[in-house]
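Structures incoming, each one as structure tokens.
Both complexes below contain chain A, partnered by chain B and then by chain C.
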Partner chain A sequence: MANLMKTAQTKAKAAAVRRLPPRWGGWLLAVPPMLFTLLFFLAPLVLLMIYSFGKIDILTFEIKFGWNLGNWAALGNGVYLSGLIRSLVLTLVSTVLCAVIGFPTALAISRASGRIQTVLLLAIIVPYWISFVVRNYAWLTLLGPRGLVTRLLTAVHLTGPGQDLRYTTGAILVGMVSSYLPLMILPIFVAMERIDPAVLDAAADLGLTALATVRRVILPLSMPGFIAGILLVGIPATGEYTIPSILGGGKTLMVGNIIHDQFLGVGDIPVGSAIATALMGLMLVLLLATRRRVRQLEDVL
Partner chain B sequence: MSSVRKRHSFSTAVLAAVLVLFYAPILVVAVNALNQDDTLNSWGGGTLRWFRQILADGRVRGDFGTSALIAAATTILSVAIALTTVLAARRLPHGGRTAFNMITYARLMLPEVVTAVGLFLLFRRFGIEMGLVPVIIGHTLFCSAYATVVVQARYAAVSGRFSEAAADLGAGPWRTFRRVTLPLLAPALVVAGLLSFTFSFDDVVSSVFLSGSSVETLPMLMMGMIRQRVTPEVNAIAVAVMTITFVVVALVVAATNVRAAGGVRSSRDGATDDE
Partner chain C sequence: MSSLGSPYSGPLRSSRRSFLTAGVGLAGAALLAACGSDDSSSGSAGAGPTTLNFLNYPDWIGKDEVAKFEAANPGMKVKQTAIADGGVAAISAQIAQNKGAFDFGLLGGVTAARLKAGDLLSTFDPSTVPNLKYIPDNFRKMFPWGIPTDLGKIGLGYRADLVPTPPASWKELFDALPDHSGKVIFPDYDRDVLGIALLALDYSVNSADEGELNKARDLVITAKPHLKAFLSANQGSGLADGSAVMTVFYDYSYGSVAGENATIKWSAPSEGLPAYIEGWVPLVDSKKLAQLATFMDWHLQPEVYGDFINATFASYLMPDAESHIAATIKDDPALKYDPNANLQFEEFTSAKGEEIRTKIWEEIKAA
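Then we have the complex of A and B:
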């Protein structure tokens, strides 16, 4: 009886321990991160939206608030619109290239065994940790008039001798693909790893060739990885600032550079706010469109 | 059988090409950092001159210190936010937990330019001078989100069973946390911290918007140097920065495993999730 009492007591105590935190502990712990995100994440975004309807006084540089749609109308302006479109096209092309290159790469890694697979994974992960500036700067050397890539392309008569491949849209594309590729390869690899080996055995038993297995079994089952990869590559790429600054030489402007110039250059902060708000809206649409798939991100990040 | 081999050789060839794409540029930078020929047009023999030059350069040293200071502060703040977020989320009702998750992912999913200009407007509006503190806040904003995801994954895998066992054995909530939860979370906290440190150390966008005129980080200095000319000094700085990264990755791998370094969770880890 005493024993039973004791068990009951322990159980009650355990239950109390488990129930106590939800009452106040959770809210207490939640205060610092909540304050931080309210103050430095949500408030700035609201401010950004408010500023996008503001107007800058040309003489005093003071910003007046109101319901000016002028900044939003300016988005239709040639410079801004072409920058926005260029960003979207470059993002689209580099995301597709990443997916096309990333799938066979992930496949090759998933087929490697044991120690080799570990080494290969590490080889893909290390660049992802290396500084963006360093990685893209590295391409400058290779794409210069006397760079290795230029010399190779000249040797096969794709370019004239001494041609400068830097500061072109192509250079930006090379930088974007090589910078973001690990973020496509890793989620696809994770998705492939989740495929039940029994499914592959079944495919083989049913007489599917290796190629057909890849196309009809592995590819569809890797879709969650593709979607995570597309979000991980596409979203930061759209707002990219560093890569076009280095490899575009300021000539090929993307939306990130335009926002930079509006805020820190001689530009117009309300117009910059409108562009940034538009970018934010675009991302929200993309996220909502894929919201059911976003859960996958929790698994690969 | 031949098609199997063909398919294998195709994907292996792509993998090899990808590795060349990743490492050839880095290798060229490393070689050029040792190149005596300062026009970098050809190999002029080996030298450590450029490293000596950057070590003697006060601006490089100063910016290195600034970047390290910002990264250290960002790391502490990010890990603290990640830990409180994860511990709080588990104790909140379902709605609160979902809200927390959404805010974490929103911070990851918005392009950094957007959050950086938002902060720029906030500080400008309230007359706070740009500089160290705004940059640290800007970095913490996205680093803490990465840190949260890393810690959350580990917490989901280890919470429940062990803390329940501790509670059954009569440990109070604080004791359970100190003696059970925290040690189990330690590897994830290390990874989250190292990730925050590297991402902060390498950041350009938030630093550019929030540093004002008085503060300059190492990546900002490099961006400026690159814009003028490709110089051997830049290569030497790049090699120094990469060396730090390699050390960090090695630490992460030592603390956990390769998958954690890439944020890759294997299916086996996933299976132990209690949600």
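Then we have the complex of A and C:
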């Protein structure tokens, strides 16, 4: 009996030991990534917020920290508001364009057979390997008065001969759509790939035309992909800085350019921090507002 | 409790410890790397090469000047970093935010004066640069913060075949913009754009009056829809390919494109040309002032200076270097120094004035 009890106690201890290390070990394992996140992600964000209440000396560029609400009050300034509104409008238009172009493209890829599908996917992905900046400089040439795009549009009488399409809002949109399109196509493609072929067969058996199948079956089932694409395109596009810098000719400023100008152009880190924090807050609110939909992304991302 | 241990706890703990140690080590290394500066280039006399960190416009130096200087001065290196685009505020911010990272920079008079007011320059001792004698006194007086290297002017370039009668004044240029909508380029430089707008309105190029500056802002904002772009470089390329008919640009930009197309012409509007002297200036916290003086003196040798002018098409300040300067530059009315030209030299006025100009430039760009 005593032996039996001893054995039971030993087993209980062993079980306890087996349970304990994972709890502590798990925490210990989590320390480096937590430290990393704390140091390089959260701390800079906190610093950004602290800086947003500071004030800069325009000659020495020294920052006096305190409780200066002037930078936040400045956000109501038309200059910053117009930049923000312009960013939101351009983001909305480019996201819609990406979705409109991305959906049929993803559909075509998902319907293609094995090898052709691979080639089509590579055609979407490979340009993405080229530097973002280089791709946008390439557009500068293509949209120039002697550029391929301009000549093509001239040939079909959409533009006058020798017209320069660079440095316009349209050029910025072209740059944004071409840069972000893969981020829309790929999640929609993944969502489409997960549609059970039996569902499509059932739709056909029930007499739905191809167009009706797309509208009533494929489109609703691709929604998680759409939402993922909208987030992947919309969030970085709102803070876009490079594309308007290259293709906008310094005339069309988005909020990303205004933040850049505050940090590096004027050196007013407190105002730049206030705008950046406000933009981050806005994005966070939008994400939280759509969080129910975001849950659908788990299968896609 | 851990002393109870399972058969696997020893090796596991040990492996976790190693993992943690490695992780902390890596994080530490990353932190050090992030916080560290470019020590390899900072150098100090007697311990490896001394590297002079030069904040410069890209290629704004003689073609082989650095290589020849390094060959002639073993143990000395020059490392160039591109200066910020955007104007006085951007350059000042770049220097202030990287205090100690650069030993000297190519600065215009306004930027140098502004940095001096903010205590962001090192004191320049002219006696350490004997070749400064080749630069005429008037330019040395106008640029006391370092060695003056060249003179810049902002004028009007145009295509004579496309604009047979160019605007004779800055005011006429602004009035003519709707007729050439989308075909005119402005520089992406705060001081210069505000300068021509102020001159067009009959104000001083150095006005610090908020009312006058606001009127200049309104004029530029009204003109903005008709502009093709604000470009920080290559403002003349539009004239060369015909996508622009007029451009407000620098004399050196004109010099670099005039040879490409004979129809590209330079015009000096009647209100005067905003102008500036620029030069090499020692920056705050530089510990290599003696070595910098050596490089400055090298740069001001007439032959070296001539190569610098030939490479940059800048307006030269050194009459003694003329025999080394290409005839196309010496004979060009845009590049040759003309004491009778109506030059409106840009000056630093006050911190308040700079603050207003900075704010106004933001408003112009965001409009």
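The definition used in the following text is that the second predicted complex is superposed on the first by the 264 of 301 C-alpha atoms of A that agree within 3 Å, B and C clash if a C-alpha of one lies under 4 Å from a C-alpha of the other, contacts with A are read in each partner's own complex, and residues count from 1 in each chain.
One rule holds for everything that comes next: a contact is a pair of C-beta atoms (placed from the backbone, for glycine too) under 8 Å apart; a residue touches a chain by one contact, two chains touch by 3 or more.
Every value quoted in this text rests on a predicted model; they were computed, and no experiment measured them.
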Contacts of A:Ile130 with chain B and chain C, given as first, second, both or neither: first
First, second, both or neither for A:Ala138, with chain B first and chain C second: first
First (chain B), second (chain C), both or neither touched by A:Arg146: both
Which superposed partner A:Arg111 touches (first chain B, second chain C, both, neither): first
If touched residues of chain A are counted for chain B and for chain C, the larger one: B
Which superposed partner A:Leu35 touches (first chain B, second chain C, both, neither): second
Chain B versus chain C as contact partner of A:Gly70, first or second or both or neither: neither
Doubly contacted residues of chain A, that is, touched by chain B and again by chain C: 13-14, 17-18, 20-21, 25, 29, 32, 36, 144, 146, 249-250, 264
Contacting residues of chain A [partner chain C, same complex]: 13-14, 16-18, 20-21, 24-25, 28-29, 31-32, 35-36, 39, 57-61, 79-80, 82-83, 144-146, 162, 164, 166-167, 248-251, 253, 257-258, 261, 264-267
Interfacial residue positions of chain C with respect to chain A in the complex: 1-2, 4-6, 9, 12-13, 16, 19-20, 23-24, 26-27, 31, 84, 86-87, 89-90, 92-94, 96-97, 114, 117-120, 182, 188, 224, 227-232, 241-243, 351, 354-355, 358, 362-363, 365-367
Touch list for chain A against partner chain B, complex: 10, 13-14, 17-18, 20-22, 25-27, 29-30, 32-33, 36-37, 40-45, 47-48, 51, 101, 104-105, 107-109, 111, 118, 120-135, 137-142, 144, 146, 148, 177-178, 181-182, 185-186, 189-190, 193-194, 209-211, 214, 231, 235-236, 238-242, 245-246, 249-250, 255-256, 259-260, 263-264, 269, 272-273, 276, 279-280, 283, 287, 294, 297-301
Footprint of chain A on chain B - complex, ascending: 3-4, 6-8, 10-12, 14-15, 17-19, 21-26, 28-29, 32, 40-41, 80-81, 84-85, 87-93, 96, 100, 103, 105-115, 117-122, 125, 137, 140-141, 144, 146, 149-150, 152-153, 164, 167-168, 170-173, 176, 198, 201-202, 204-205, 208-209, 219, 222-223, 226-227, 230, 234, 238, 241-242, 245-246, 248-249, 253, 258-259, 261-267, 270
